[in-house]
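The following pair of complexes shares a single chain, chain A, combined with chain B in the former and chain C in the latter.
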Partner chain A sequence: MAAKVKAKQQNAVAQGTTQNRIDAGLFPFLLILPAIIVIVLVIAFPLLYSLYVSFTPYELLRPNSLNFTLGKALRNYQKLLNDDVFWRSLWNTVIFLAITVNLSYLLSLALSQLLARVTVGQSILRTLLMVPMMFAPILVGMQFRWFFNANVGLVNNFLISVGLIQEQGQIAWLVDVPLGMISIIIASIWMNIPVLTIILLAGTLSLPAETFEAAEVDGASGWQKFRFITFPLLAPFSYIALTIMSLDIARAFDIVRIMTDGGPARRTEMLWTYITRLAIEDTKFGLGSAMAWITVSLSVLFTLYFFRQLVKARIVR
Partner chain B sequence: MITRSVGPNRRRNDRIWNAVAWVVLLALALPAFWIIMTAFRPNSEINTFPPVWIPQRLTLEAYANMFGLNPEVQQRVAVEAYLRNSLLASGISTVVAVSLGTLAGYAFARFRFRFHTGLFLGIMLSRAVPGVALSLPLFLLFNRVGLTNNVLGLAFVYVAVNIPFTAWLMDGFFRQIPQELTESAYIDGCGHWSAFWRIELPLSLPGLSTAAIFAFLAAWNEFQIVSVLARNNAAKTFPPGLFAFTEQFTVDWRGMAAMSVIMMVPAVIFVILVQRNLVSGLTFGAVKG
Partner chain C sequence: MLICRLIFLVLAFSLLIPAAAQDEPQYAGLDMDLSGTTIKMAAIGGGQYEVMYDSIAVFEEATGATVEIIALLDGFAIDQKLKVDFATGAADYDVAWDHTSFVAQYTPFLHPLQDFFSEEELAAFSPAILDAATIDGNLYLVPRHADISPIHYRADLYSDEAIAAAYMEDTGEELTVPTNLDQIDRQARFFVENGHSAFGYTLAGKEEALTGRFYEMLFASGGALFDENYHPTFNDEIGVAVAELIAGWYQDGIIPADTTSLLWDGVAQNFCNNDVAVKLEWYGWYAYFQDADSCAVAGNFGLARGFTGLSIGGDHVRPSGWAGAHAFSIPATAPNPQGGAQLIKFLTSHQVAYEEATLGFLPVRDDVWERVIADAADAENPLDRERLELARIQVSEDFKTPPLIAEWIPFSNLFYPQLQAIILGDIDAQSGLDAAAEETRELMESAGYY
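On to the complex of A and B.
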């Protein structure tokens, strides 16, 4: 399997460098057109519409409020900038993303190096690795909400069983502020690990064996080989992994919504849950849309950043 | 100078690494096994303290309750409706998204044209839009045209959401097909379309199946948009359906676990089917631009 992946990758590299794309006039545009039409109808146009809505004081229960007045256009954005919960949800999201993305990546990197060395039961281990992929994000949320439940949750029950905490001293995982965040982060990392590890493992197995042999002859230690050979050569794979993760990161919304729903007292509120609260629960669509637009801009910038890194890493290779 | 570990030393190291890997991965998979097990245990074992770690008795009660085979259970969950809606929305959207995404991916993989990078980036970035942000305007617009609370409306949204990733994957798969075949087809007088349809598309079938499964699962698992667009069982799919097991202060964890197991079936099939194609599909398209 390892040899196969490797051969495929090398083959791929060889092809990629010699491949030339063909000129075919309008034909490629015709191929792309249907996809573009659907994306414009379902994503681009609705987003523009929500930009318009974000400039109005629209509330769902007051249909007449969907009107645009130039002087009041930025009122929703002003409201958000003066809203403590907005800043807290932005801050929480940034912290959440920073910790989740970095830890998911580091753990997956370690796990991929571990798996690359395994000699017994490779295929069973890979299947085990894919088990979290079978869970919808919402299931991940439900599952961890149950595990972290103060009264009937597995985590507390386990801690009591091994005598680390008393039966009266159950830890309120999802209610306490930093613990709530930690619980959400653990659940998200659990969900992210498989895809990241699979990509990094494929990358590791595709690296040229000769380089490692040469390094071993020179007496390089295991850590040195990782630091100066594996890690730099993995860069393109790292960025693919991070790009895919950044595209999917909003799936964490499902987890947050289920596990804490922004509570207690909006302390674990994140951008996604706060949008839902403003627009769906409080029916303030104008305000919610303004919030949504801030979120969309941040997501797109975040993804764009990883894409550019990906392009750069590709050139180096 | 040469400090290479050889012989018994290396073999001992291998054993340690193997053991560590097994322990780590079993721990990673453990939560999932717990959920699956919960679906088949009696309630008395689930909600007790101290917890019963090893199941003593297995039962299909949860499923009997779910499918209305237990006369004592009055209120039941509309699992048939969720199943129907999930299958319709995911099935229809997968067929359409994969068709359109494949065409687009082929164009990006094979042809040189203006705005190549810009269009590719634009399509990919549309994927970065969080579902919550999209759900608000879609709710308002779909309300006007009668597409809210409608499985077809939902499928339409999932088509758009799934096109970018499908295009990306297919772009990668098409690049793995040697170009010589297509070139000789051109020499034999094939047009662009028939070269695509007769030669490249059949060769990309393994990739196509991978992309299809990805699209299907993304729709199957989607929650943010359906939770805003679907009001009742006419359009609710499995993910919002899970909430049928929660009441204000209590949650029927076993019922939820039982439905989760049903929800997982397509994903399990996916892991079995595409384990191999997955890796090359995910990495290739992105490495070579």
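On to the complex of A and C.
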């Protein structure tokens, strides 16, 4: 009888241990389960659904068109690859991204170095730097549209007042090639600079002072210190800034939409404006989804590239 | 004696009662008890559009209903909202903003309104607008106010004897307010080339605004966008002539250098600044142009009926008349369609329509037309009255909507960039219109027209 009881107790202990092991394995998963559910519902499901829609001829106001047919699944993608406007908007987007990201970075780098050396009025300057961040992109677009208006715009009126152009020879900033693209790029850079500058300024201020002191002892010039110490040591911050910007650049949609809306004659058409036109205005949701997926894929590639560079830079450091 | 007094009182009351009734606000839609119900409305917002909604308090008090405005958006934004809501079945409101240019794309998602409005009630509205809103025998909207464009011209340019003499010498014809596109072309060029005006003409140069302006110039010249089977016909010789006319204006500086980035507000601003000799413009801008604090052109412009077209299409016989009307519809998924119909009856009633007309909008009811014209009879500025008389003629005789097809906006989105390319000189008129025609054929084919 005693042996039976002991065996039962041992069995119960063994079961309890197994149960505890299961609990120990499940417990962390249970903790993050709500987050997983939210991510699946809010991010994964809509993404996968839009991927599914991109393989259908779905039009918003024709509910019956949401049909998946295996033989026609790639039709939207084929259509886009044969669409001149798509290639033009892709090219415009690449040009816009390349110039905006690089110029924003260079200007922010310069600004951050200047701000790091300011000794008087630091807080005022940094507050002023934040001003563009306080504007919604749509307001930035409206503000620059007015700046570049051919008749009543600030830029043309200034040029007339200093005698650089005649009243009859007003410059159509938002129309002419490449002025339309340049105008949009200027507006985007204005909006992007504060965030980048703050990241780079924080990076600059965190660099070890001893390295610079040693360089000074060795007689390094200001440019040499920047070229061989500041710039390489800032690399992780630079890649973080560039990664954020490459992800955030789609915010420029509002600016483009307000300033030129992709026009005139598709001269500033970009992937975002073309997607909106196809999916919402023309109600071709399937086609728009296909284009959105191409755009997202390109963004992911850009981001992966910057992340890899970031990891490399951190290892080197 | 008592009998005489009674007869007198009866006679006096019989005279007084109709007089009192005439002074009573002539509302409609208040004859139903809607206590405890909520009527939801997705409405157009912004500026003058929202003044009308102040009167909803009268409706709520009389019927017991609560009206909830769930969206106040501009026209294009609310169009996008309606598309998404209809597609997802989320249109849980009883009244939706609508427009004659957009209604064709919504019809599968709307209640036919003849189920809610009697023939007598509908007889108050302009038949031309109701026709424009009737698709396959079903009425899908009840109009709120309309708009159409007369010619706006700078009066000083047409009353100056020296300018008139120079024009006679230059062209061999009298300088009169233009009635056709050929005259407009000659005069616009003359005014610019001789420094009388910064621009001879101006027009909105993008989106549906550009498509619509091309459409009415084409129509006035005897052309058409489509044939009866919806094959594109705008690339014929008339279409090419109209496109070349606009492109020529652009290349020669007759219209502003930023034309292709201008929408209605930018175009109106140019006229307001006294920078434009002559142009088509909506009546809705009238109060703005007459405001001397805002506009240099105030008190210095006149109005005339929309032009007929280029002589290439015949003898200039068709006046332009691209027009549209803001309106109300009832979504098919409305939870309270009867309540929605009552609210629409109220908002389009004589009194509410009259109050909105006093803001400058063009009425769509004959009884309101008569009342606002009578009001303007003693106006200090005779143009106030002339404007209304002219507008009434245009709305009743020239009102011409775009083709009532669901593909109107997709068509416009593929057409206007090609027209912009022609205007900017990126492509010649024939090639640009041919390319647009090819894209249009693909669009219509995929939509099942052929």
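Throughout what follows, the second predicted complex is superposed on the first by the 283 of 317 C-alpha atoms of A that agree within 3 Å, B and C clash if a C-alpha of one lies under 4 Å from a C-alpha of the other, contacts with A are read in each partner's own complex, and residues count from 1 in each chain.
Keep this in mind: a contact is a pair of C-beta atoms (placed from the backbone, for glycine too) under 8 Å apart; a residue touches a chain by one contact, two chains touch by 3 or more.
None of the values given here were measured: they were computed from a predicted structure.
J.: Quick one: on chain A, after the overlay, do chain B and chain C clash, or do they fit? Just give me the call.
T.: Superposition check on chain A flags a clash between chain B and chain C.
J.: If you stack the two complexes on chain A, which partner ends up touching A:Thr127: first (chain B), second (chain C), both, or neither?
T.: A:Thr127: touches chain B, not chain C.
J.: Just checking: does A:Ile280 make contact with chain B only, chain C only, both, or neither of them? Give me first, second, both or neither.
T.: Both partners.
J.: See if chain A has more residues touched by chain B or by chain C, and give me that chain.
T.: Greater contact footprint in residues on chain A: B.
J.: Who does A:Leu111 touch here: chain B (first), chain C (second), both, or neither?
T.: After superposition on chain A, A:Leu111 lies in contact with chain B alone.
J.: Of the two partner chains, chain B (first) and chain C (second), which one does A:Pro236 touch, if any: first, second, both, or neither?
T.: first
J.: Touch check for A:Ala172: first (chain B), second (chain C), both, or neither?
T.: Once the two structures are laid over each other on A, A:Ala172 reaches chain C alone.
J.: Using the superposition described at the top, list the residues of chain A that contact chain B and also contact chain C.
T.: Overlap of chain B and chain C footprints on chain A: residues 152, 280, 285.
J.: In their complex, what parts of chain C are in touch with chain A?
T.: Of all residues in chain C, those touching chain A are 80, 83-84, 86-87, 105-106, 108-109, 198, 205-207, 253, 256-261, 266, 269-270, 273, 275, 406, 409-410, 413, 417-418, 420-421, 423-424, 426.
J.: Mind pulling up the chain A residues that touch chain B in the complex?
T.: By the definition above, chain A touches chain B via 5, 8-9, 12-13, 15-16, 19-24, 27-29, 31-32, 34-36, 38-39, 41-47, 49-50, 53, 111, 114-115, 117-121, 125-139, 142-144, 146-147, 152, 154, 157-158, 160-161, 167, 190, 193, 195, 198-199, 201-203, 216-217, 219, 221, 236-237, 239-240, 243-244, 246-247, 250, 253-254, 272, 275-276, 279-280, 285, 288-289, 292-293, 295-296, 299-300, 302-304, 307, 310-311, 314, 317.
J.: Quick one: in the complex, what on chain B touches chain A?
T.: Of all residues in chain B, those touching chain A are 1-4, 14, 17-18, 20-22, 24-26, 28-29, 31-35, 47, 49-51, 100-101, 103-104, 106-108, 110-113, 116, 119, 121, 123-134, 136-138, 140-141, 156-157, 159-161, 163-165, 167, 175-176, 178-179, 192-193, 220-221, 223-224, 228, 238-239, 242, 251, 253, 256, 260, 263-264, 267-268, 270-271, 275, 278-280, 282-284, 286-289.
J.: Would you tell me which residues of chain A are touching chain C in their complex?
T.: Residue list for chain A touching chain C: 60-61, 63, 149-152, 168, 170-175, 260-261, 263-266, 277, 280-285.
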